[in-house]
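Below you'll find a set of structures to go through.
One chain, chain A, links the two complexes that follow: it is found with chain B in the first and with chain C in the second.
Presenting the complex of A and B:
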């Protein structure tokens, strides 16, 4: 029994962390129409930033500044934000597919830098030497995991409320207008460049928060954690949940992460021995089919964007 | 106020070797309704694009209220008092009709990220004011019953009215309308004309591209004709109607009808 609960705690923690990243992508894509193909880089910047700033000193690579944990998290988020700002200034003039290609390239570059720059990030072996906060007080077991889950849930809720208020405001209206028709928005006196950059950086900072929590949870991050696979999974979660709908984004995350975990378990259990090697690939095929199916039959997602009439004037 | 609210001189726009707008000089009188006519491909919409900053001119200058605004961005020109609609309507399709209109006012507190968090009560007060003004404007263009509909689902004619409503929210002094009556049923066209004339009496200046000669002759003065990117005629509607060359070349429909 405790095993099941323990597993549920683990599952919910990871899904909630990913949900935060999906919310960040929803701000960029769902609300603003910015095709970020490099989610993994911003997630990774948060994870690496937090672990470098908050870890214990290590021989052989940068970091181990041992910063107070919340400061390390803020630092990780800032790292994601700075990366997004640089990428944004360089690429946000690009539309749709071109933006997707260039941000995808940024993520591949990020992964390769992390993999090869041993002095910066520990290289392929990843970053170790991070002490999870409050470990002395809470131990390493079940209690700690429950406490950490609560923190993650509070941050997920805070992110959700922040975004709901943001997209329900005239700023959100502006994002949607730019997503729908930038030329028309300009003809009505709106400057898209600033708004697009703001949304891109804000979304990336949120992805950075998710990365920071992910790094904290495992007390470890390596280039394997920032593969394009992650970007792909996060996109699948948003598409299934419903781009433009924050609740949909969260539910889509739990559904896809559940399906991912279940299919992995089922394949390891039931697939013939000789197919086990390919089981991982079959998971990608399945998720790919889910995405294609959604785009064909329900492109708006399970929970479509609601037609908001800006709420802020009603209260 | 200056006699000419909007003017351009020597305005030229090339697309590669093709000259779409060729040395156009116009003076738009404050409070007038100028009709801009000409065959397809005459450069009318391109002229609008250059006047509103959507396209940079190859040569020439644009002046708004006496100020040289050549090379200004569309957003800056809208803020300076120049609004426009599009030949093919550009609604924000997945936003409600009301939201389309509420977008337009300039300098909204809530358009900054800090607004909904740090200046909440000021933002809400402003939103209430914008909302009630938006409802008034929608009422004015007869779209109030559709306020909560997705803008992408209303009819083509209603989209034309919606574009007019959006532009009106910014309260520009000069409004450029690109074929406001094209594809609009007679009832809506009637409403549109009525609204344009009412706004004109309130002091708004209009420049209207239109192929419906009846519309042009009845409601526009002066009339400007473009052909091959050049101004080939400028004068009153009567003069346009009395001009045999113009009638034959560009107003064929006018003589037959």
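Presenting the complex of A and C:
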């Protein structure tokens, strides 16, 4: 029984962390119509940033500044934001293809640099030597995991509330206006490029937060954690949940992460030994089918965006 | 130095072939097609299958052509593979892109292409295995072109380069001398105006996919000849091919050709300053540099 509960805690923790990243993507794609093909890079920047800033000194690579944990997380989020700002400044004035290609490119380059730069991030071996905060007080066991889950849930809720307020605010209205009709927004004296950049960087910072929590949870991050697969998974979560709907995004995350782990378990349990090597391929085909299938048959997702008609005097 | 330049030209020819089709599709259908590079994989594997088939059916064809490892069987296989890859590009359009397009969701096309790329790549892995394969088990030694500076090249690579240049010349003649070429360029420039002039847009879209798929298949086979065939060809080449289209300017066929060579050469010259492990990052640096300095590429026009 305790096994089931601790597995549920583990599952909910990872799913909630991913849900934060999906919320960040929802701000970019769902609310602003910005295509981010490199979620893994911003997620990874958060994880690497946090672990480098908050870790203990290690021989052979940078890091071990042993910063106070919340500061390290903020640093990780800032790293994700800076990365997004660089890509955004170069592309957001241009046609949307460029953003898609550049964000995809930044993820390829990020993974590539992390894999090769031993001095910066430990290279392919990954980044070790991070002490999880409050480990002395809570130990390493079940209690710690419960406490960590609570922290993650609080941050998920905080992100959700922040985004709901943002979307309901005049800024959120502006985002939708630009998404629907850029020319009209510009004729009202708004600057679409700057607003887009703000939304893009904010979304990336939220992904950075998710990455920071992910790195903290495992006290380890390696290039394996920032493969393009992560980007695909996070998209599938958003598309299934319903772009533009924050609650849908969270539900989509739990659905897809559940399906992903269940299919992984089923393949490892029931597939013959010689097919095990191909279990990953089967899962990727499934996630590709989910993405394409949703776009063809239910592009609005399971929980569509509720269109808000804003009138003067209302929210 | 010269060796890096030569290697750059050889890989550049492959990128150019991939980029021609991609730039036409991106311009005409207005979306970044992330599944285009998977057509290279399809082409490479299709040629592998046809090659084996021909060698069994007609052993006469299994002889090597001169100093090449290429056989007549492979040449025939390439032709069939181009047709098959073109046909699969049309099929993907029918099954996925056209249906998403008709819903009017321009941005969703990019999503769909990502999903499609994931499916194609992993199905290829499931069917053919994740290991690498070669067209010919015979070892072909590189030929020494000159000793000082030392210049090595495989005969296959030179043949591939010559074929690429010949095909580009042919494409140039078709584009600049025939009514069909005018129609194609007209559609790429302004689809609506082209339709007013009686050009069948649907037909042109099919032709662009066929052409793009065919050239991609050729690129895939040439890549397989000079490196090896694996299910991740598409994954590894998608970014360099995009970089080539961006350098050349999206929509410009000549730009794509030049862009391919520029990216190929730049990536190889980068080996002077960067350890080779970092070469997958070079296309991204090129993309960012072009977007900052000359956002519409060398030959592209501004369009939002």
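Keep in mind that, in the parts below, the second predicted complex is superposed on the first by the 309 of 315 C-alpha atoms of A that agree within 3 Å, B and C clash if a C-alpha of one lies under 4 Å from a C-alpha of the other, contacts with A are read in each partner's own complex, and residues count from 1 in each chain.
Here, a residue touches a chain if its C-beta (ideal position, glycine included) is under 8 Å from a C-beta of that chain, and two chains touch if they have at least 3 such contacts.
Since this is a predicted model, take the numbers as computed values, not measurements.
Participant: Does the superposition put A:170 against chain B (first), chain C (second), both, or neither?
Facilitator: Only chain B; A:170 stays clear of chain C.
Participant: Scan A:277 for contacts with chain B and chain C and give back first, second, both or neither.
Facilitator: Only chain C; A:277 stays clear of chain B.
Participant: Between chain B and chain C, whom does A:188 touch in the aligned arrangement: first, second, both, or neither?
Facilitator: A:188: touches chain B, not chain C.
Participant: Where does A:204 make contact in the superposed view: on chain B (first), on chain C (second), on both, or on neither?
Facilitator: neither
Participant: Touching A:108, do we find chain B (first), chain C (second), both, or neither?
Facilitator: A:108 contacts chain C only, not chain B.
Participant: For A:180 in the superposed arrangement: first (chain B), second (chain C), both or neither?
Facilitator: Once the two structures are laid over each other on A, A:180 reaches chain B alone.
Participant: Counting residues of chain A touched by each partner, does chain B or chain C come out ahead?
Facilitator: C
Participant: With touch defined as at the start, can you tell me which chain A residues reach chain C in the complex?
Facilitator: It is residues 33, 35, 37, 86-87, 90-91, 93-98, 100-102, 104-106, 108-109, 112-113, 115-116, 182, 228, 232, 235, 239, 277-278, 281-282, 284-285, 287-292, 295-296, 299 of chain A that touch chain C.
Participant: For the complex, give me every residue of chain B touching chain A.
Facilitator: Residues of chain B touching chain A: 52, 54, 73-75, 78-79, 83-84, 86, 90-96, 98-100, 102-104, 106, 108-113, 115-117, 120, 123-124, 127-128, 130-131, 147-148, 150, 166-167, 169-170.
Participant: Taking the touch rule as given, give the residues of chain A at its contact with chain B in the complex, in rising order.
Facilitator: Chain A residues touching chain B: 165-166, 168-171, 173-174, 176-177, 180-181, 183-191, 195, 198, 202, 244, 305, 307-310, 312-315.
Participant: How about chain C: which of its residues touch chain A in the complex?
Facilitator: 26, 30-32, 34, 96, 99-100, 103, 105-108, 110-112, 114-119, 121-123, 125-126, 130, 235, 238-239, 242-243, 246, 250, 275, 277-278, 280-281, 283-285, 287-288, 291-292, 295, 303-304
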